[in-house]
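Structures given as structure tokens follow.
Two complexes, one shared chain (chain A), two partners (chain B, chain C).
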Partner chain A sequence: MAKDKSVNRLISIGNIVIPLILAFIVGSIFSILSRCNPFTLYGYIIKRAFFSVGGILNTLGYATPIIMTGIATAFSIKAGIFNMGIEGQVFVGAFTSALAGYMIKGLPVFIHVPLCLLIGALSGALYALVPGLLKAKLRINEVVTTVMMNSIATQVTGFLTQSYLSTGDAYAHTEFILESARLSKFISKYRCTTAIFIALAIWLVIYFVLKKTKFGYEIECIGRQWEFSDSVGMRVSRKVIIIFVLGGLIAGVAGATEIMGVNYNFVSTFSANPGIGWDGFYACILSASNPVGILIYAIVFGALRYGALAAQTWLGVPLDLINVIKSTLVLFGAIKLCTVYSEQIKGFFFKKKAVKAEHQAQEV
Partner chain B sequence: MGSILIETRDITKKFGDFTANDKINIAVEEGEIRAIIGENGAGKSTLMNMLYGILKPTSGEILFNGKPVILDSPLDAIKLGIGMVHQHFKLSPSLSIYENIVLGDETVKTLNVFGKHFKGFLVDQKKEMAEIQALVDKFNFNLDITAKVRDISIGAKQRVEILKMLYRNVNLLILDEPTAVLIPSEVEDLIERMQDLKKAGKTIIIITHKLNEVKMCADNITVIRGGRVIGTVRNDESTTDSDLAEMMVGRPVLLRVNKSDKKPGDKVVYRVSNLSAKDSDGKKIINDISFDIHENEVIGIAGVEGNGQTDLMLALTGLLDISEGSVSFNGEDITGLWPDELRRHKIGIVPEDRYRQGLCLGMPVSANLIAGMHGRWPFCVHGIMQNAPIKENKERLVEAFDIRLGSDDPPVGSLSGGNAQKVIIAREFSKHPQLLLVSQPTRGVDIGAIEFIHNEILRMRDKGAAILIFSSELSEVVGLSDKVYVMYKGEFVGIFKSDDVSFNELGLYMSGVKRMSKEEIAANG
Partner chain C sequence: MDLFLSLLNMTVEASVPYLLITIGGVFVARAGVFNISMEGCTEFSAFAGILFTFVTGKIWVGVICSILLALFINFVFYIFTVKLNGNLSVVGTGINLMAACIPASLLSALFFTRSNLIATNIINPADMMYDVPILRSIPVLSDILNRQTLITYLTPFIVFGLILVMYKTKFGIYVRVTGENPSAAQAVGIKTNRIKMYCLLISAVTCALAGLNLSVEKLGMYTINMSANRGFICLSAINCGRKEPGKACIYALIFGFVRALQTIINNFVPVAISSLLGIMPYVAIIVVLLIVEIPNARKNHLRCFRDLA
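Entry: the complex of A and B
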């Protein structure tokens, strides 16, 4: 049994390492095509992202919203709900907090900052309530509704910014938020803000909720088997709504902190391509909703975002190359080769274990 | 009796390291009816699937008519003359009986072009119907071959399945648990048909775990346990049911449940009045159901599957909306409460579908044993799960209910049917319920565990609980209950005291041939 466990661990480590290797091989091909030695590129990204105080602060700055969107996604995926609407909820949260940041005037920092965060969080939650209700009450597939609502959120906020809220500048943005609504930075020229503490606090709370609480137990049951959960009395439809709303709440905070700490105004490109909601989703898929894995992948993605910018500036490697690496990473990660071939791997380490389950399946 | 038709020599089937069939040697003579009996998981189905070409043996060989054969698929088996009828029918409901029978093997009109014959694409329905009508008459199958399959009874569907094989000229017919879905009169009919087939020279292998039916029809009985042949005996007076049961289980078992003399009390614990429910199309699926359960009383609900028992159970456990009527528990109205509220009222629920509603397969035994009570002290304090009491609870229940675990706390999905059911029984019975709603308590459970579960149910009854049992196993419903209601098309059509009712009589009500009036049922209820 102990041996079985260690092989299982090996398989899950393989599921992380092999996609990394494959993704970097694919990335290398494109790197060579853009006339850059892949080892120089990777070495440069790692050096820039991790080997200086500024680099670390920038990496963490890019990782901050991804930690939040990742954990928000994990929350619903654990419950078997494919809430793909985090990106849209991020947009709504960012937009409303940007408005609250300049429209509400004359408040001290210690009220204005939490107020803007709260408004961002609540509007994200409200936006997530719609697909939540549709799923719980009318059994409408959440993938369709959330993806469509992403488009609505990005287009409508973009339209409003261009039209009614336009400042008349050449590029569309809202007015800058007041000093009293801004989050402070550790060092002013690097991206990382105090939002990292908010992200880590949210991460800790969700980690605790998932692992230790009654709600976490119910989420796990619902995710594995909702019919069972319903029949032992977990009121699945109500829980589904709560899960959507909590995900939207966190996504709203992620959007708000980006505006309040980094951008100071709402521009429709603040989330960049692919958006921070999607990066969170990727981190969640790659780590199989494991909170620790999400934290690690959020930092890896943060490093890639920052490193890619630096590489574009200094090595002339296009930004898109890094996105190719990231996408192939997610693709190979989703394939989970080591799980597909788990029997062979186990057979390699010790002569085949009893496969009783298969036999029982035959008997039924 | 003639020569040996089919024989296996040291046939072995392994799944990984697990040996499902271990060097099995059986020989079936031409024209014999051979029963193969054994508990769930003994390896009967694996063996039959190898004879029918669905599985390939790991080692050993199959001899048909004395020649070794290799069966790669059921098609090979059918070509040789081996046919199998599965437990779950594979019929198309919207086609007629004869269309189902010829499906995949249609008679095609030949085209005559300048004196040359070509296979055409038009089906010769007249010829097909004539052939099948001849088959039906020959074996007394009593079927209207133009009827649609969706309109015929389960027994008739089974005859269609058998005809499908006969149409393909099989000599050896394998029947996998053929009586599991039949009412008693249909079972008798099936056994008569089997005798007719035998007279016509067909050989039959029947797999089952119902001993009384084996005694009625088989010439020889082979017992399998743990993937090995325990022995083959002639079916005569010297072979008793309890001998066979002992061979199957490996120890003496009690075949009849021993109900205590304790009489039901006067206090009504559970009252269901005029309950109705509708499906999503607005059609009534439960119609005006009323009954009482007293203290120390077991009420059984019998019926052919699919007559509303499932829906009634869902409605009573808060998972299906009730459109009319009321339910009360100890005088308190509990109509339409959520399942968690019902559980708070000391109501234990054993759902029909163990693996979908009763257990969470991927979660460990300890987590399954607290489901439904997971929010309560001592398992949960201020919303935080408490590991020590959860573990302690698991250890106590595993011990008390004799649940066999492979390791310390494995996922429930890795347990056998019997042990998985014991997890549910342990969870629901251990919270001292005053009312138990139990559906299909022993479906797919081995004989040893059935005995255990039956005794637990009767122990709860003697402790004062009111119990409602749904079961498609007639002997179980009648054996455990004080009174039995028969359900037909969403209604109660009869009520019987369980100590003076014959299975045949129940069968007539279950199939809708006879029914009592509403007043008669109310008067006896």
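Entry: the complex of A and C
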């Protein structure tokens, strides 16, 4: 029986390791295509991202928004809703907080910063309300609406930055936010800001909500069988709206911290390639919406993002290579190969025992 | 009047990819597979068409390679979801994400650009338009329908052919049964998995044709994010049409019309606003979905106990 347990653990480890190996093989192929030794590349990324104080701070800085967007996605994925609109909500939250950052003048820091965060969060939540209502009341497929809303968000914010809010510079950006709306950095050279505490606080709260409260339990139930949940009296459509709004709230905060801590103004490329919303989506999918897994994957993705940027400048490897690795991870992470072939694996380990049992049976 | 004619002409041109992706997607949706990877499949085939044309210098090689690649992608989708029980949305997202980054990384690895691959020295877009003598002689229709590309002329035949397949053949019945009641289908001896595979392969070919129409035929070049959410738009067309091929195609035509309208209006507004017009197709979809679904709002209310009482 103990052996059975250990084989099960082996299977679940295999489910994580096999996609990793496959993704790194695919990544290696593409890295050879870009004329770079894959091991040099991987070694370089790990060295840059983890083996110095600056590297760690930068890694954490890139991981901060991914923690938030990942946990924002986790809500909906747990409830069986594929909310792909986090990216759009990040854009809306970032945009509104950037506006609030320079338009509201004369406030002290301890009011201005929370105000900007609140505005970003609320606008993200409002933007998420639309697909939420459509899903809950009219059962319109959320994948389609959220993807459309993403495109609308990026195009409208880009348009406004280019036309009405532009400062007349060569590249389109809004005005810089005021000193009083900025989040402070640990060391001014590196990316990590106090936003990481916000991210961790959100993470803790959501972890508690998902694991320990009635609401978290209901989300899990809805994810497994929403018709059943509805008929035993959970108000599914109301829960669906709450899930969307909460996701939008957190996504809005993620966008706002990115502007207030790192960029200080809104440029339409602040979350490009593939976007912090999408990175959170990857992290959530790969960890099967497990909060601890999201934290780990967020840090890994932060390291990959920073390492890849460094590799782009110093080794000339295109940034897209890292996205290839990530998307391969998602694709192969979707199939649990070891679970599919669990019978065969168990058969391999228990062969001797089974044969022995057979012999005993024959003897009797 | 001229404007109206050119609007219709543009609609015909713009609707082709929508129609093709939709009619293939209807088969997949009818077989009970929720496939969001049509977007990625279209993008990959648009890219492969230009890439192989550029490398080999022959258009037919590009066309064949692109169709083969699309078939391969949907076969992978089939293996991963149907055979290995992967989550449909996750696998679909994986393919879409790959479609967003693999062309870019291949372009920067092989050609040192990140944005586009131009093959106009091999493909002359003007040569891809065909002048049909019969159409030329009809006054109004010639303005709308004449001088279109080969795939544009093929599209109506593909659409009607596939509608006939869906409703008039044994295979069509098998597809519908597979989607509606898989266990009943299996009980009478229909190999549901195989049916799903055939549907996915049909969808692969139509997606490939749509991608080829976008890249090889119209422009002779590939740009990043060429399919521009067309896969998702067609998904909503299928949903609006309640998975019936005829209705879904009408919605696809509506979306094509909106796209054409956007292109036409673009010519009359200042540059700054034209970037805002890009949201028109997306807003149109949400509005159409809303209009289609509001009459069914009451039916969606699912409260089993209350209904029993």
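Just so we're on the same page, the second predicted complex is superposed on the first by the 343 of 364 C-alpha atoms of A that agree within 3 Å, B and C clash if a C-alpha of one lies under 4 Å from a C-alpha of the other, contacts with A are read in each partner's own complex, and residues count from 1 in each chain.
Keep in mind that, in the parts below, contacts are C-beta pairs under 8 Å (C-beta built on N, C-alpha and C of every residue); 3 or more make two chains touch, one makes a residue touch a chain.
Everything numeric here is computed off the predicted structure, so don't read it as measured data.
In the superposition on chain A, contact is made by A:318 with chain C only, not with chain B. Legend: residue contacts after superposition of the two complexes on their common chain; A:285 is shown touching chain C, with no touch to chain B. In the superposed model, A:184 lies in contact with neither chain B nor chain C. By the touch criterion defined above, A:331 reaches chain C but does not reach chain B.
Of the two partner chains, neither chain B nor chain C is touched by A:167. In the superposition on chain A, no contact is made by A:52 with either chain B or chain C.
When the two structures are aligned on the shared chain, A:231 is found in touch with chain B and with chain C. By the document's definition of touching, neither partner reaches A:37: not chain B, not chain C. More residues of chain A are touched by C (comparison of chain B with chain C).
Once chain A of one complex is fitted onto chain A of the other, the partner contacts of A:147 are limited to chain C, with no touch recorded for chain B. Shared interface residues of chain A, touching chain B in one complex and chain C in the other, are 227, 230-231, 233. On the side of chain A, the complex with chain C involves touching residues 30, 33-35, 82, 84, 130, 134, 137-141, 143-145, 147-149, 151-152, 155-156, 158-159, 162-163, 227, 230-231, 233, 236, 274, 278, 281-282, 285, 318, 320-321, 323-324, 326-328, 330-337, 340.
The residues of chain A lying in touch with chain B in their complex are 1, 212-218, 220-221, 224-225, 227-235, 351-360, 362-364. On the chain C side of its complex with chain A, the touching residues are 36, 80, 84-87, 89-91, 93-95, 97-98, 100-102, 104-106, 108-110, 114, 229, 232-233, 235-236, 239, 272-273, 275-276, 278-279, 282-283, 285-286, 289-290, 293-294, 296-297, 300, 302-305. By the touch criterion given at the top, residues 15-18, 20, 40-41, 43, 45-46, 49, 55, 317-319, 338-343, 349, 351, 353, 356-363, 367, 371-372, 374-375, 380, 383-385, 407, 413-414, 416, 444 of chain B touch chain A in their complex.
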